[in-house]
Amino acid sequence: MAQLFVEPDRIVRARELARAAAMGVQAFIDRHTTVSIERTVLRLLGIAGAGSRGAPLANLMVDRLRDAGVLKDGAAYWLGRALRAAPGKDPLQAIERISAHPAKLPALGAAEEEQLREEMRAEARAAVRELRARIDQRKQLKASLRVGSFEGAPWKYVIVATGNIYDDVEQARAAAQQGADVIAVIRSTAQSLLDYVPHGATTEGFGGTYATQENFRIMREALDEESRKLGRYLHLTNYSSGLCMPEIAFMAAHERLDMLLNDAMYGILFRDINMQRTFCDQYFSRRICAFAEIIINTGEDNYITTADADEAAHTVIASQLINQTFAQNAGMGDELIGFGHSFEIDPAREDTLLREFAMAMMVRELFPKSPIKYMPPTKHKEGDIFFSHAYDVMADLVAITTGQGIQLLGMMTEAMHNPFLMDRYVALKSAAYVYRAARHLGGEIRFAPDGIVARRQREIFDQALALLEEVAKDGMMKAIGKARFGDTARMAEGGKGLEGVVEKAPGYFNPFLEILEEGR
Amino acid sequence: MAQLFVEPDRIVRARELARAAAMGVQAFIDRHTTVSIERTVLRLLGIAGAGSRGAPLANLMVDRLRDAGVLKDGAAYWLGRALRAAPGKDPLQAIERISAHPAKLPALGAAEEEQLREEMRAEARAAVRELRARIDQRKQLKASLRVGSFEGAPWKYVIVATGNIYDDVEQARAAAQQGADVIAVIRSTAQSLLDYVPHGATTEGFGGTYATQENFRIMREALDEESRKLGRYLHLTNYSSGLCMPEIAFMAAHERLDMLLNDAMYGILFRDINMQRTFCDQYFSRRICAFAEIIINTGEDNYITTADADEAAHTVIASQLINQTFAQNAGMGDELIGFGHSFEIDPAREDTLLREFAMAMMVRELFPKSPIKYMPPTKHKEGDIFFSHAYDVMADLVAITTGQGIQLLGMMTEAMHNPFLMDRYVALKSAAYVYRAARHLGGEIRFAPDGIVARRQREIFDQALALLEEVAKDGMMKAIGKARFGDTARMAEGGKGLEGVVEKAPGYFNPFLEILEEGR
Amino acid sequence: MSAEKEKHLIRPYGDRMDDGVIQLSFVLPVACSEQAKEAAATVAKKLGLSHVLVSAMEQAGENYSFFVVYGRTHMQLDYNAIEVPEVLHRKHGFDELNEAVRRDLGRRIVVVGACIGTDSHTTGIDAIMNMKGFAGDYGLERYPMFRAVNLGSQVEPSSLVARAKAEGADAILVSKVVTQRDVHKEDARALIESAKEQGIFEKTIFLFGGPRVDHKTALELGFDAGFGPGTRPSDVANYIYYRLLERMGRAPPPQKTAHGTPDATVPATGEKLGETL
Amino acid sequence: MSAEKEKHLIRPYGDRMDDGVIQLSFVLPVACSEQAKEAAATVAKKLGLSHVLVSAMEQAGENYSFFVVYGRTHMQLDYNAIEVPEVLHRKHGFDELNEAVRRDLGRRIVVVGACIGTDSHTTGIDAIMNMKGFAGDYGLERYPMFRAVNLGSQVEPSSLVARAKAEGADAILVSKVVTQRDVHKEDARALIESAKEQGIFEKTIFLFGGPRVDHKTALELGFDAGFGPGTRPSDVANYIYYRLLERMGRAPPPQKTAHGTPDATVPATGEKLGETL
């Protein structure tokens, strides 16, 4: 089993600091909403579909409300008002009508106000009940099938990314038949920067396939079928990340996805999305994940594909502790938090396997209840596919030996292209072999209490602690401004999407959030 | 470091039994000589070259003497007589002359007898001095260069086998430049069944290149050059095995080879060579190896490429203990005995990595002073080169972690063809990575004292002990007759080459053996 | 007959259907350089590939470079036009087969086998003939209705034939594992030759097996059938049984069965059965 | 000129010189079967390979088979006929280069760079431009005689050009890592276009870099030079220095130096220097 060589009191201290850092932001989050959050509320309330030029209706409505400066009251409130003002009318037109000159709109009496809210709450509850039913369907199917290759084996996670959802389905089915447990449909490059979620099925993407509700549906349907055929449950995952975290979380919940990549800081650091926006969005999206029992995968692996994996190891630990607090603040249990990290140390160095063991065991043991998400070597991958494969095999070994929960399998062609069918085949076959060959190795071996591995763990943790001290002192926003994470500095007012952040008015109304926050 | 979980007293017992078994044969060995031994003596005494139809002169002479029924006195004796009888004459003709009707030959007086023997002894000593000088050259070159990739790393052993010595040289140089430490020139299929050593350079072999003195010379010359260029010593190895064990050992010593595959039973079991013949030949060949400080590699790996590796693991241990006694009887120190075993358990099974660790650590620790020769997976190799490569990588990991001395690197194309240049490249690059990545792993981990690995070691050793009890009771020859080793039964009077075994006459004369046995 | 079949065009598949992606690796006898890399790309192009990407150029020795290359072929294959001699018989289980032999032949089938020439790879022929068998499938020795004589390895073709003649064998089982410069074909031909010389060619069934053996090659070499990697003794037992029936003019019409299922493929027996397809 | 060179014929090398051995792997959209295996062999034969050995056929999904194939090509390549645009300059060390710039240009060189389009892979451009550099080789920021402005990732081609114009840049450094469906070429062309529109094309040096970029492609796209994997900042610094000299009509004759040595290759600058070969 994985071993932890860090003194418990230091771990307690680190958790306090992480909590302190995140708490500073939570107050801000509670005072604000975003266009994406409001669009999500409208989607829950049945505003689906897209306008003539493909723009989602939810976007058209929320933009109107924001431009009219009334979004601060909550989109649900104005949808209610609009429908009252023009019963039976098309919602978009209704919203357009009132947001043309909201001032002119006669105020409602307290009773009416209250009644309107009650009606909307009733609608929201009904919608949530339906959502719950779909989520239960997913859980029932999973409960009725085998999960993973064997007890204690990491779930084999592979990527499909042809850019065409129908090719994705072909490749996903093949992967499933070869032993994959999780299918991730990689998004089209920089979808994260779109402030809307595209509509309909995708047949042309760059470096991936757009995350759309229709694509989710098509893939989930195919995986349900394969799951039943194989008697093994196939998980589906995508990205609740970028400018539309809450909406994608909602769509994912609705289309019965099992996992989502969702990180409190990734968008800020790697997509230059404004931090106020991301902090608000991550909260709402995680409230949805908590409700839908969707496992999130955090993105700390990205730090060490950018910075040097050996030097930046501690930023992974610090960030995971922060991500954990943010997730817990959003009502998520540890069993739903898939902490991300990866096997990325430059293979040209010595004792890299020991250093990876140190890190993998520490992450595993710091979050004993969580399904750790282990990523493969990528940054130092080169075109020699045979070497690349050997390198991946070492990651498989560490994954099974240290009991990682979810392993994204390395691809021998990582340095060249998105995985081909045969690349996945090769990875899945070898991973199955390594899992089998080393099945009980973790239970057999103990690392020396003062050896290279133990010392390395303490070294990393000490650095993480020092970083957290600083972050807790400076506060998250300032720390990010100092490039403390992912080697990238971002400013509180900088980045994309700030215009989508709105301070809540006193009477702000969000019936969906009310339900999600019940018993907060 | 490698761990041994077997109780010491059982190990002591096993060694006693192995000694007892081998000792039974030693008496027989001392009473007999063979055509190959006698040819070796003649070669030492300068009988090189081949006759018109390519038959080596040594063969022509020894055959005559055997046909004349006088080989029992020793070839050296008759060479002496012949040269006396016909001074200045061509040795072959001289031998032919006297062996035509040896009876007719006037007996020598005691003084003359003694003088003749003294002369031959003097010649032998002179020849041995020259041999020693060549061996010292080899040792000096090695002492002046780096050996292996780093302290504690197994020597990377690769095979060349093009069938053409000049292509072999090309491939050996390339392998050396890629990091190989040991070059094995694989012999042509079934050279082991030839009762002579072919003469000259080979350009056409099947599945390998003939082991000839000229081929040895050509390859050693190339490797000397590469060694100097790379600053790293390149070892050369071949096969002292089959019907010509002593001769090849002598040629190898003379041509400055560093290692030889040499096993007390391999020829008997896997080439159906008569056991009396092999037992005598292995003794003399090992006397030469002891003198020349040539590391032998025993062939226990072959048991588990024939029988099931999991079921027959104990035969490997038992055989190694027997091989050790035979080698010690021939004056070899443990540091010269490279015990062979291999990573051969069917990868379709579970916990194979643990079981391989158990075996590799046990062999390592049973013979702490010896350079263990670790062979790669072969039998269960199939045509999927990517899987095959992953499988080899696991063997690399076990090799570095358990401190094996010499590792024959697995080839991803093992199931198809003799290694190509690119196959070796792939193997060498990955092995270098695994050695580097896991360099100090062995020092870090301890296996649970009552875990799967520990229990597996005890299980294997118990079976080995039981087998040795039986062999010691039955005696080697009978045990082999019962197919106790390599799943193959062989009879004392069966197999090839029995006609080449001759009981020594009282006055048997072998000046070379006298030197080799000095201080026995 | 393939004329009648409608076409089924296929291409290699990498990322998207019919993209024609193929991976290559090879060594060129030149040192690494931009020129060497271009040479590697040229090799791929000369093979007719487009979108050529030299993903790796590695120094594999002073004067050798190792390359990994990806490219796309534009060739199309009509899958329906591809024919392999393959006939499917329903495969009997162990007891069932022994029973069938007793019933239909009324005597034990005699088979003699060996690994011939200088080849000493016995595991293959042992897997087929010895008690233990292969992958949990009993060997011929274990079948009450077979008499199996395994001569082991390094047997001269002529001596194998002689022994088979002496034993009055119904079938001769030949194994060859070493294939360097087609030595396996040489030895196989030699065996057929001496069978003719010793006059048992007509009345004996010849089986050829080994990791590089396939049915087609075996037929070309004058054998009745060829058996490659993964062959099970029961495949062989069934084959010999059916072949003997057939020689008695009592072959049942072969029935199609799924490949790889317990009712596994039993290789064809060339012409005669070929027609019954 | 290659006409003058005498031929140097080469072939892939596996076991014996000129045996032409090549390894292939690919997937066919059919289930495993003898027929599928034959189809795989046919693919190899259609590529012109002989001695085709299908060493693996693996079920890679219900309707897909993965194949590993070995074969031999009979093609021969005249190595001397293969030409790559590549010019070698002696490469200056860090201090030496700064000194040379001060001496020969008398001012700091200004470079502006970014990873353009939707591509957010910054590590490549950072490796070249930022202090830290790459593989122990300092980045351009570190050079006293360079002013390096790195705009980071996801920068629109036009904004990169605009900024470069504002900074009066000597050189524009463009990075593209994502290459799906040639998006890198699209973006590269867009950049050159807007440089022309904004009227700085003539007086600016354009460098294109990325893991799938090579000098040839860069030239085709209208850049001055292309830099692929493993590029070091010092290669870039030296290149820009020489290129500027050259524009001042003061380019020194390039000297041949070994590939991969510290005096590493500095890619060619297309036509002009091409002639000096």
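Miscellaneous remarks
Here the chain labels run A, B, C and D in written order, and each chain numbers its own residues starting at 1.
Throughout what follows, contacts are C-beta pairs under 8 Å (C-beta built on N, C-alpha and C of every residue); 3 or more make two chains touch, one makes a residue touch a chain.
Since the model is a prediction, treat every value here as computed from it, not as a measurement.
Greatest Cα centroid separation from chain C: this falls to A.
For the pairs B-C and B-D, the larger set of C-beta contacts lies at B-C.
Taking each chain's centre as the average of its CA atoms, chain A and chain B sit 60 Å apart.
Once the centre of each chain is set as its mean CA position, chain B and chain C turn out to be 35 Å apart.
Inter-chain spacing, taken between the CA centroids of chain C and chain D, is 46 Å. Once the centre of each chain is set as its mean CA position, chain B and chain D turn out to be 51 Å apart. Shared interface positions of chain B, i.e. residues touching 2 or more other chains, are given as 382, 384, 386, 415, 417-418, 420-422, 426, 429. Residue numbers of chain C whose C-beta contacts span two or more other chains: 13-14, 17, 21, 23, 25-27, 53, 58, 64, 66. Chain contact summary for the complex, chain B toward chain D: residues 162, 164, 167, 170, 382-386, 413, 415-418, 420-422. In the complex of the two chains, the chain D residues touching chain B come out as 13-17, 21, 23, 25, 53-56, 58, 66, 68, 70. Residues 163, 173-175, 177-178, 189-190, 193, 206-207, 270-272, 305-306, 379, 382, 415, 417-418, 420-422, 425-426, 429 of chain B touch chain C in their complex. Chain C contributes residues 25-27, 58, 60-64, 66, 118-120, 122-123, 152-154, 178, 180-181, 183, 211, 229 to its touches with chain B in the complex. Note for the complex: chain C touches chain D at residues 10-14, 17, 21-30, 32-35, 37-39, 42-43, 46-48, 53, 64, 73, 75, 77, 79, 82-84, 86, 212, 215, 259-260, 265.
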